[in-house]
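Each of the next two complexes has chain A plus one more chain, namely chain B in the first and chain C in the second.
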Partner chain A sequence: MSATATLRKERPVEGLGFHKKPSKAKSTERAVFWLFRLGTYFILLCASVIFLTIIFKGSQTVFQSSFPFVNVEFLTEAPQTLHVFEYEGEKYELSDNNFRAFEAERGVEIKTDTYAYSGGGIWPCIVGTVLLVVGAMTIALTLGVLSAIFLSEYSKPGKILNAIRLSILNLAGVPSVVFGIFGLGFFVLAGPIFSFSPFEGYDFQFWPLPIYFGFAGWNVSLLAGCFTLAFMVLPIVISASEESLRAIPQGLREASLALGASKWTAIRTNVLPYAMPGILTSSIIGVARVAGETAPIMFTAAYAMRDQLPWEGLEKWSDFFFQGVMALPYHIYVVSAKIPQNEYTERMQYGTAFVFLVIVAGIALASILLRIRMRKKYRW
Partner chain B sequence: MANDKPEPKRPLIRVSDFDFYYGEKQALFDINMDMKENEVTAFIGPSGCGKSTLLRCINRMNDLVEVARIGRGKIEVNGADIYDPRVDTIELRKRVGMVFQKSNPFPKSIYENVIYGLRIQGINKKPVLDEAVERCLKGAALWDEVKDRLDTSGLSLSGGQQQRLCIARALAVEPDILLMDEPCSALDPVATAKVEELIHSLKNDYTIVIVTHNMQQAARVSDKTAFFYLGKLIEMAKTDEIFMSPKNEQTEAYISGRFG
Partner chain C sequence: MTKEAETNRYDLHSRSRRILGLDKDQALKGLFGGNALVSIIVLALITFFLFKEGAGFFGQYRHEIELYRRSGLEYVEIMKEESSSYTELNRYLNSIKGEHATMLKEQGLSFSEAKAELASYEDFIYDFEDLGYPLSEYVLEMNEIAIGARDMYVESANYREHRENLLALGRDEEAAEVEVLDVDLSLFVGMLKEGEPDFLAINDKLAAGIERLTSDLPTIGVAKLDEKMQRFRQLALMFVAEMEGYETRLKEWDSQAPVGMGVAFASFVFGKDWVTNSSIQDWYGILPLFTGSLLVASIAMVIAIPLGVGAAIYINQVATPAEQNFIKPYIEFISAIPSVVIGFFGIAVFGEFVRRASGWAIFSGFDIFPISERLTAFTAGCLLALMAIPTIFTLAEDAINNVPKAFKEASLAMGATRLQTTMRIIVPTSLSGIISAILLGFGRVIGETMVVLLCAGNRIEIPDFTNGVATFFEPVHTMTGIIAQELGEVVNGSIHYRALFMVGMVLFLLSLLINYLAQKIVLKYQISRG
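Now for the complex of A and B:
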């Protein structure tokens, strides 16, 4: 009793001391809280600066103030040399094609300042990136879902399974440039080739069939790039697929089996369809990585410059897969690091980055929409 | 239990000297029992006594458990050893249907749920399927409640309806034997009564083995009752006898509610 009385005496009467100077604990609390808050704000700030810079600078290249408001040339043409010149008192900035037309129209020859890659557009890069993403994701999803089904539905726990899981885990930690080197050695230089006619480097004929086989390599090609990128995202796809498969209630499998389904029928009819939305969702991350990585395609698929679009000038259908392509991330690298820098190249860099962001966001959006549709169809 | 068919009936399921293990742990000890055609056999006993394990052995659902293995003895269905390596489990499970403790309709329409077993056999003719849906839903006493909404999801039904849908789904495959693993444990009394009624009417066409925790239920629906304790079959007899005059002390103790 007496102790309480003493304590009371020491306390200020007014407001029982609640409003007095903050205690030490209180101020520490406040400081820590602000530290966390500032950390979060800082990330927000960085993200905004990055996005706003790209959107602000990029939209100046992609959009224009006059009709049709979109820079059509930038989205539909290949990169060209930019000609900057003065003619009859006016300043012109024309890409190579337009400049030649300009000259031909007036029947004159004009001396100009030229800037490599700073005119025209990025259409072949858009095409190349889309092809690489579609190809790589097709391969990765096929291989990934197959192996995930094996791992989670068929395999028995043991040393072999642990070894497989460990190697998948390790694969996820490999730097992307190492995948590039792997693709160069494995696909570009030594990819297996089947052919109806003998070719240099063939080793083997499927006698009596006129089919020849050898490790002659795929050269720098769409196929090599797709496989390299696919191997890079395989760990993501596999672990995502496994998780989605595991999330399907065991009851569905048992019920199918009890009705006379084989294991595969049960998986095909009552596991995979319901796991698919989850698999697609998590492979969105894979799409962004496939579209964004430069290192794996540097040695395997990307050309700095190619005049023809992938479907032009094909001798036979298989050539489609064995040609190099331009790609957005590699193009950004080329215009940012491989050519002399000036105000005109900067426009290309930010314009390309902007279109790149929009495409990745678009692919992600498409996957999300697909997932929502699938979820609606298969709800449990 | 009134039954028109003449005795004695031949055993459709015969379990002889059956030992079963989960890994190193023995779950069933030397089980010997016969289950006759068109009879309802109830398995009772406290949790973990092995009654569900034995049930899941009869259609080899335990194959899904990685560490599960049989030690000794065999189970015969219709005279054939079902653990013979030549046995096709798919065919076996078509003959021996199963209804699970937790109703597990597929996230498909009621219609597709019922005909799942037919679809996977490649039967796709609409008249055949329509007929099967009506017959099986009537067989499961569900037809009147759902006939106007066959294309709604099986998951939109109530718990009791879902369980009857699962029974209808099992009937569509035209099994000889229906295994029921505590089919009413998640149902309210009204739904339970409906399922029990259904079991009564199914008895004429199917041989039913039902695992239940509920002794009143065993008394109500079954012809024979088997009492399990700690992996052993303690006593099996006509249901009346088991409940009126059990021969074994443990059986009596369990039935009178002194343990379990």
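Now for the complex of A and C:
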């Protein structure tokens, strides 16, 4: 860029006796560059319109003008039916719980207009999304980073390694809905189950141990969703981590080995610390992707409505993993496409979209900032 | 690097501790290797599993088509085609009347006056409609027979399976109680075939009737409409000529003709219908979904390519550093917007905006505007373009950035303007990278689910490309959308379930192909960097 800038400055001006540039070429240049400029700013404008619409309308749901300024009910309650009614000349909009309390307090029965999904809040969706992301990233990072270390540090370069790299790279581009149907067919319907007691559809027993095994499926559950999402980001995590590992100059490893360090010591002290920021960035991108995807969890983990929070009403600990959860992206889909639309659902839609956008965009922003900082920090 | 054996010989530290005959280094290598193996197995498993579930589809589908033929439904379908093309004629006739009615209304005639005007040829229309009744009733009757036969057959097959299951479990007594009817489909087909002379008689009567009626066409008195009347006569006579074809097809039809795997395959790949949960016959043809996906993706690419590549050129070649530092992260940030949020924006704001905008005065010159649908291929395409732009932009910008500085400097030194340098040197040099960026953007668009599910309108039909530009403003359904919409409701292992897996497999292969091409292009057309 600086080269261009200086060039522009030192271009011969009139009066030096050089032939003047044909003005036609200059004016086309200016016109074409303006076209590009307009196109670029048009993209920014479109994106800004989306952001601003959702932020503007969503913040009306999430924030309020009086203390405590944040709509606590929206962030801490489960989605409920909204009751709209008039009582003693005043208009009320109350979600189901509050409405029952209101009735009990006054000792009356009131006829109301009800709107499904329009009252209450989105707390279970936030919880579900967090659980899915944590679960999926734990699986994906463990498998992904360790695999990347193996592929870049231990494996022998050759045709097989190249083929594996190529196929991992290719899998990174597979549509998420394909992972969704895989998750449904594999985990939800045919996931392997171990149990201490015989269950319906078990295949065999590890005799004489009282352990039964069978491909009975995990049903729509947190576990199935985590695994589906994990496998979706696995190619991305592997290829991004491997790339940042391979970006470390050979010299560092060699110097360390020359000093008598073992292979692992060399990797631990001279490769991983420098590759860590890169791995971290890739994993944050993975988190944003996992949190933002809807298609893979639609049939593997998400319930449209569930009254209990994941830790409520469990009979045994394993039930925690084998229960469906609500999730923010799926909730947006449900409230915007599956239920009748009216002014009250709109509030819910924008509020959910706003919270979701803030979460995902916040994660993504962190990764972008981190990357920019890193680029400045390490230059080989 | 790879000769760890030698390294370890002099590595006294790691030699000292051994667990299960492995030193620490080897154990760690095993751990990493094990993980890598698990990852690779898992990823291979995904591919394998998709193929396994999809592969069962063609067998089941062949079986379904076979049943469709054996039970005579196919035979009835031929008659139905004839009947529906007659209905089409009726509709044409009625459209003439409708046009006349609106014309009269515009002339300011009152309702009764207009009615009197129309009455002159209303009888003709009614007569024509009446001619078709025997045909449509006959077809309905035959349809009942064929469906009844098919349903009985399926039911008895289910009972038989139930009985066999009971026998296998050793519950003989219960099994004996299950009554299984032996349904002989050929009996029913015989009934259908027996009726053929009746059908031919109906056809003859119909042909005679049409000829009688069309020989004496009523005149309306409006040149444009009379022209249409003449056209109607031609169509009607064409229909009469076509009847011969239906009759020969009926005659040649054989319920026992073999149904090969090829038929099932062709019916999936080239099938024009995707009909599920139908009482007559389910069809799983991927063509309407595939063309829908393609249409939406092409709209998106038409918008995204100029904008994305243009922005990449602008940022890399023209923009000031301040602009670069702001715009690049911003566009990258766009890719972080979750697709469901963009879809929601489309359904809540953008779809309505497009419909309103199509009614603006500047578009009044085009007869396709204003459009009536809110959710169309165009709506989804625009939003998908926004999702493809970051991909295209980032990769194209990278490619442009990789062009050696010397190329640019040499060109400028030769006296080329910046535009000439950009267009003739920089872009051609980085063209392979730009093309692969476009391909990857295309891959992203065609695999996108939530936006098309929410905004494309979800009408399963092959877009009618004869409509010109209006095609883009029709609702469509897509491959990704159908999976998301229908997978939640299917029975495990049913043909519908497997059909969706096949659609998933098509998507999978398509995205692999796109990725592969993108990589190949980058490698093959890389200009040597001297």
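Following the convention adopted for this analysis, the second predicted complex is superposed on the first by the 317 of 380 C-alpha atoms of A that agree within 3 Å, B and C clash if a C-alpha of one lies under 4 Å from a C-alpha of the other, contacts with A are read in each partner's own complex, and residues count from 1 in each chain.
Here, a contact is a pair of C-beta atoms (placed from the backbone, for glycine too) under 8 Å apart; a residue touches a chain by one contact, two chains touch by 3 or more.
Keep in mind that what you see is a predicted model, and the values were worked out from it rather than measured.
Asks: Quick one: classify A:Lys338 as touching chain B (first), chain C (second), both or neither.
Replies: So A:Lys338 meets neither chain B nor chain C here.
Asks: Check whether A:Tyr274 is in contact with chain B, with chain C, with both or with neither, and answer first, second, both or neither.
Replies: In the superposition, A:Tyr274 contacts chain B only.
Asks: In the superposed arrangement, does A:Lys156 touch chain B (first), chain C (second), both or neither?
Replies: both
Asks: Any idea whether chain B or chain C touches more of chain A?
Replies: The larger set of chain A residues in touch belongs to C.
Asks: A:Leu234 in the overlay: touching chain B, chain C, both, or neither? Say first, second, both or neither.
Replies: In the superposition, A:Leu234 touches chain C alone.
Asks: Under the stated touch criterion, which partner chain does A:Gly251 make contact with: chain B (first), chain C (second), both, or neither?
Replies: In the superposition, A:Gly251 touches chain B alone.
Asks: With the two structures laid over each other on chain A, which partner does A:Phe182 touch: chain B (first), chain C (second), both, or neither?
Replies: Once the two structures are laid over each other on A, A:Phe182 reaches chain C alone.
Asks: Using the touch definition from the top, say if A:Arg100 reaches chain B (first), chain C (second), both or neither.
Replies: A:Arg100: touches no partner chain.
Asks: Scan A:Ser262 for contacts with chain B and chain C and give back first, second, both or neither.
Replies: So A:Ser262 meets both chain B and chain C here.
Asks: Which parts of chain A are in contact with chain B and also with chain C?
Replies: 156-157, 253, 257, 260-262.
Asks: Using the touch rule from the top, collect the residues of chain A that touch chain C in their complex.
Replies: It comes out as residues 1, 3-4, 7, 21, 25-26, 28-29, 32-33, 35-37, 39-40, 42-44, 46-47, 50, 53-54, 142-144, 146-147, 149-151, 153-157, 164, 166-182, 184-186, 189, 231, 234-235, 238, 250, 253, 257, 260-264, 288, 291-295, 298-299, 329, 332-333, 336-337, 346, 349-350, 353, 356-357, 360-361, 363-365, 368, 372.
Asks: For the complex, give me every residue of chain C touching chain A.
Replies: Checking each residue of chain C against chain A gives 1-2, 4, 7-8, 10-11, 13-14, 24-25, 28-29, 31-33, 35-36, 38-40, 42-43, 45-46, 49-50, 53, 306-308, 310-311, 313-315, 317-321, 324, 327, 329-345, 347-349, 386, 389, 393, 405, 408-409, 412, 417-420, 440, 443-444, 446-450, 453-454, 480, 483-484, 487-488, 492, 500-501, 504, 507-508, 511-512, 514-516, 519.
Asks: Which positions of chain A touch chain B when the two form their complex?
Replies: 156-157, 249, 251-262, 265, 269-270, 274, 378-380
Asks: Would you tell me which residues of chain B are touching chain A in their complex?
Replies: Touching chain A from chain B are residues 59, 61, 64, 66, 90-91, 93-94, 97-98, 100, 102, 104-107, 116-117, 119-121, 153, 155, 166, 169-170, 172-173.
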